[in-house]
Amino acid sequence: MDANMAVIGLLALPFIGAPLTYLADRLALRRGDQPRFGQWIALAILLLSLYCLSVFWFSSPLQQGTWVLVGSVALHWDGLSVLLALTTILLGSAVTLFSGSYLAEEKAHDKYFSLLLLMIGSIIGLGASNDLFNLWLWFELMAVSTYLLVAFYPQEKGSLEAGVKYLVQSAVGSVLILLAISITYTYAGTLQLDGIRARFSDLNSALWVAGVLFVIGFGIKAALVPLHTWLPDAHAQAPSGISAMLSGVVIEAGLVAMLRALMALGAAEIHWGILLMGFGAINMLLGNLLALRQHQIKRLLAFSSVAQVGYMLAGIGVGLAYQQPVALAGGMFHLFTHALMKGLAFLAVGALLYALVLSHRQHTPLTLEDVCGAAQRYPLASLTLAIALLGLGGLPPLAGFMSKWQILVGGFSAQTDASVALMILAGLNSVLSLGYYAPIVNRLYRHQPSEAVLRGNPVPNVMILPLLILSLGILVLGFVPSLMNPINDWAALSVLGLGMH
Amino acid sequence: MLYALIGVGALGCAIAAVITKRLLLSAIWLAFTSALVALEMYLLGGPFIAVIELSVGAGLVTVLFVFAINLTGEENTYHSPSVLKGLALGCLLACLALTGYWVLPPTLVSPSNPDTQPLATILWEGRRLDIWLQAFLIFAGALTVLGLLRSAPQETSHKEENPDGLP
Amino acid sequence: MDYLDGVTILLVVLGLVGIGIYTLMISRSLIKIIIGMQLMVKGVLLAFVLAGRISGNMGLGQSLALTIIVVDTIVAVVALAMAVRVRRRFGTLDPRALTTLRR
Amino acid sequence: MINGWLLLLPIGIPWLGCLAVWLVGDRRPRLQHTLAVIFSILAGVAGLALIPWSTQRLTLLLSLGGIFDAFRLATDGLSVFLTVVATVIGSLAVIFSVDYMHGEHSLGRYYAFVLFFIGSMSGLVLTTSLLWMFVFWELTALCSYALIAFHNDDPKAVRGGIKALIMTQLGGLGLLFGALWLYTYTGSYDIPQFLGSPNSVPPTVLSWMAFGFLIAAAAKSAQFPFQTWLPDAMEAPTPVSALIHAATMVNAGVYLLARFYPAFEAVPGWRFAVMVVGMLSAFLAALMALVSFDLKRVLAYSTVSQLGFMVYAVGAGGVFASQFHLMSHSVFKALLFLAAGAVIHALGTRDMRQMGGLGPSMPFTHVVFTLGALALAGIPVLNGFWSKELILEVGLGHGNPTWIVSLMILSTGLTAAYTVRMVAMVFYGRGHQDHHEAHDAGTAMKTALIPLAAGTLTTWLLLGPFYASLKLSLPHHKLELNAVWEEAVGKAGVSEWEMTFKVGLEILREPSTYLVLLVVVLGVAAWLGRARLASLIATFRGVEKAAQASFGFEAINEVVVQAVQRAGEALRATQTGYLAWNIFAILLGWLVVLILTMLGRAG
């Protein structure tokens, strides 16, 4: 198997798997069984994809990537695509492993894994697309496959409401993106990202407007403040596995898509960089302040995602504005570690939610009060949640610290007032975020369990396994952060358009 | 001139669709807008897309709307005055004006490398990845609709606390 | 087609998108909101056909617009299904009833 | 060099122990106690085993690549000394805990974090990479937070823990930014390289770094104006207070300043700022200790005050004096805290007004506590006397401002006064009814207290060897005791032990020593004769009130916290939940970005 085959396998596998998964689960449901096979088919597909990705990684000449031409639409596998695919597949596997038992109380979850695979497949494709319109199509496929997953409990008011808001706001974003694409196409005469980039050394005002529309349109999915309003609702209401995916990869996919589109208009990259730096500052500050007073854990985590996107934006923004590959690589590294940490946080909360609420066939949200003393009965779920939260708060030696460090190094290396000020803000925000992460950890380790904990059911081992795997990843990356260096650096170079040929 | 006339017609129908109080009428105005947009497309030299727009946009979608309105029932949709209304209009007009102003430079028309490939080739060969993706989008959409419309056993038990949204 | 026609169509595009977005904000029925989404997309379709015309590649413009129509119809169907669900669950279509999640 | 791996032992052994204790689980507390003691003693041995390398450099370098540079460990006099302090006092605290924590909940979490702390502290002092120094720095803060908030059900403990975490983190940003600047200009985090050529960093940035490090050190060592977290940290179990909040972690700030002294020495205003920070902490905290009634809080304020002495010493140019006092203080303050722990364990209260007359019922504790108290007060010949004298000698020389050193001498008087007050309130006077059956320290407690008491009597004898090892192994520090003494004691052929006595004699020969002793005696006398001085004391009522309110710093903290919380709460109103407003927000974003971008394009 060579790089080309591996890439095609990577693209095709989830889409082959999706109908299979649905069929398997649907048939089981028709026979009156619990859907069971779908989960394992999906997991097998994802592991195969991971294998394909590793084959690609080891057989492809680095720093160059692989081109796949389907008709006139090109897919370009470079660092950014590989990073996004890796993140998605890893987190997707953990979520798949986790979700089977999580959904055990739901009668009909036959569509869950199928849609999950579609979502994963679309994100993998999105990362590689080299055609502006095709990029949007992947993006839209990702959105459509998540609508049901967000509104997964349509008998629940909150879930439905979150779904509606998510759908309508996504639709607005989608229209703005399309508008931008049509403008770009009008003036560039081509849809190929590298073609557009090569064509302009200076942008006319219409292309600037297109850039702005890209920022806003993709920014809705990437949760730039103030476009983030769908996020806390959707992340809090979706099943926990989906919350993990939404927080861990979907908003990042929005970010990656935005970067791809903006880099086509790379002649103004300095300005895009400064714009993203501004959004980074606002995101960090508002995300943290809004999370500070939340009582529902999943909503709190959702707001913390807004803040964490701010760090990525800060790294990427500095990278673009001051041509700092280190900062860009830091942003990419944070994208990856955030997926691990926030994925773990949502899954661990999900395990507690399952034990305390869902297994009683209820759907009330999990509050801070509910998890008091959870460590007494659920030591592993609590420990992994604590690791995830402290990692998100940037405490070493967890992965989140190292990725933030790299962003900070990038910001300082730029040696400009704006970037250093932004980094100082990032540092202060990191401390502020501990103001809401630490109390949760304290609550987990109380001696006096809450009533919810006392009534709670046990957590199945198969739900704990992905938690342990993700925590291990977070710890290992905390001690040996340079493991991710090759991918991060390559991704950064790909964004800057360096090292392509 | 013809473009402008049809355009104004389309905009008028769109406004009518928005301000009409009855949902069914609104859907029908939408169909008219669609038809006029299709006409505009035809005049621009896109007969193929005009037909599709006419059949899907004005036909299928309207049927869907009628179907959905039948399911949900008509509902009083007065626009109550709110702070938002004026604010939104102002902000929107500013956005559109600025966008329009900057998108329109003196030299709008720049026909570069006219491509003479037939549409079928472009659609089925050049953009076949898009076609594949559409197929999966339809699959995802179908799953979503099935999931949303399946009857949930719990729903009946929630009926009592239901009417808090009703006027 | 001359320059002025291009300008006219662009204004129509922006007008349709604007009316659509405005509907999303002021409407008190989810169905109407979906109609607003449709209106926005009509504008975008026109923009793509115009773009195809200007860049001299009508085929591409049309095929892109076709894809958009398909995608948009799917989204509309999903949205309508959600609206039906909302009507059943909330007893109303008014988006202002959808505020259980806030702050 | 295979021996480099030796350096991992003081870090690795406690961490392994941490894992082991946690894996054993809370159902087997006896095994947990045993394992914790074994691993901590092994760590202590590993720490002591490094002593031969205190003068020769033993290094370990694990390359990480990219911007993460390398994981570097190296020994010199300073790092070996602090490793020994961390591991040895750590193992004594663990032994003490066997009695103190008997029958407690969640022992696994307790021991795991204590052992984790010991390893992290060793790492903090052994590493020579600023990145990893920051990592270990934060790890110690994490352990401190987890252990302060060990009794999670008590809101005071939780608040204290989070406060400590956030304040040290906030200060830690100074270190963080300093490290980033260092990397920006030199492309490495290597500390010795930086100390050798501080001019590789531009002067303005160097001064930013210098003051950033000062902030970090002040936050970690609970110095002015960050001193408020340490008293609140006293909610931790007492062995933890002894280990982390008296003997080791809080020293990290002083260590940082001492370590980087050669680089920042020449930064304008830096030494003065360090001196002022130290002086204010020493003086204000001593006043607060004088009026506090909580036994552990008195000790906490006294820790702040003594750390102030060390910080002052660094600023005054006496790096050795500060480290020597650090050594004395670690020993006698650990002793005081652990002895206080025995008292608290016996009585179940920390309020000194509820104590009194405990001398007869707790004879052993009485003796060791008094010993520690005398050392704290600076009474000869205990270790605290010599090291404090050294600091004041440095302060009087080197052209340091006299008004600052005068205030420092005044602080020694205050120290003596609050020490006497503390001992009197706890062990003398009228006994309390319900405390007659108070039991003395248990076996494990005694096992831990005896070495510390012995140390309090003897560690000053190490002056010569300690000085020699620091002088040999810190090439950039240009250590000297005193120009005159250097001549007297530094002659060739003088052995290290002889040097101790020569320096001791020099100290005894200095007239200023007697001035300080006089102040100490006055301090004691002032407390004993407080009835006669009533009118004089009355004039200081205002100071007392202010001291009890910790000079308004608590209020400032409170205001900041409240403001942030309010901002968070107020902002929640923007999340209306209305779809229409959400879309309006998108429009607003569009408009603003459009305008900004176009302005940017024009500009």
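Here are some notes:
Note that the chains take the letters A, B, C and D in the order they are written out, and that residue 1 is the start of every chain.
Here is the rule we use: a residue touches a chain if its C-beta (ideal position, glycine included) is under 8 Å from a C-beta of that chain, and two chains touch if they have at least 3 such contacts.
Here the structure is a predicted model, which means the values were calculated and not measured.
The minimum number of touch steps separating chain A from chain D is 1.
When each chain is reduced to the mean of its CA atoms, the one lying nearest the mean of all protein CA atoms is A.
One inter-chain figure worth recording: chain C and chain D are separated by 64 Å, centre to centre, where each centre is the mean of the chain's CA atoms.
Distance from the chain A centre to the chain C centre is 27 Å, each centre being the mean of its Cα atoms. Our note on geometry: chain B versus chain C, Cα centroid distance of 4 Å, whole angstroms. Among all residues of chain D, those that touch two or more other chains are 572, 575, 577, 579-581, 583-584, 587-588, 590, 594, 598.
Listed for chain C are residues 17, 20-21, 24-26, 33, 50, 54-57, 60, 64, 67, 71, 74-75, 78, 82-83, 85, 89-90, 95, 98-101, each touching two or more other chains. Touching of two or more other chains is recorded for residues 133, 137, 140, 144, 147-148, 151, 154-155, 164-165, 168, 172, 183, 189, 205, 208-209, 213, 232-233 of chain A. Taken together, the touching pairs cover every possible pairing of the chains.
Partner chain D is touched in their complex by these residues of chain B: 84, 87-88, 91-92, 94-95, 98-99, 102. The touching residues of chain A, counted against chain D in their complex, run 164-165, 168-169, 172-173, 176, 205, 208-209, 211-213, 215-216, 219-220, 224, 226-227, 229-230, 232-233, 268, 271, 274-275, 278, 286, 289-293, 326, 390, 395-397, 401-402, 405-406, 408-409, 411-413, 415, 423-424, 427-428, 430-432, 434-435, 438-439, 442-443, 445-448, 480-482, 485, 489. For chain D in complex with chain B, the touching residues are 580-581, 584, 587-588, 590-591, 594-595, 598.
Of all residues in chain B, those touching chain C in their complex are 3-4, 7, 10-11, 14-15, 17-18, 23, 26-27, 30, 33-34, 37, 40-41, 44-46, 48-49, 52-53, 56-57, 60-61, 64-65, 67-69, 71-73, 75, 77-80, 82, 84-85, 88-89, 92-93, 95-96, 99-100, 103-104, 108-115, 117-119, 121-123, 126-127, 130, 134, 137-138, 140-141, 144-145, 148-149, 155, 158, 162-167. Taken in their complex, chain D has these residues touching chain A: 64-68, 105-106, 109, 131, 134-135, 138-139, 142, 145, 149, 151-153, 158, 161-162, 165-166, 169-170, 173, 176-177, 180-181, 183-184, 564-565, 567-569, 571-572, 574-575, 577, 579, 581-583, 585-586, 588-590, 593-594, 596-598, 600-601.
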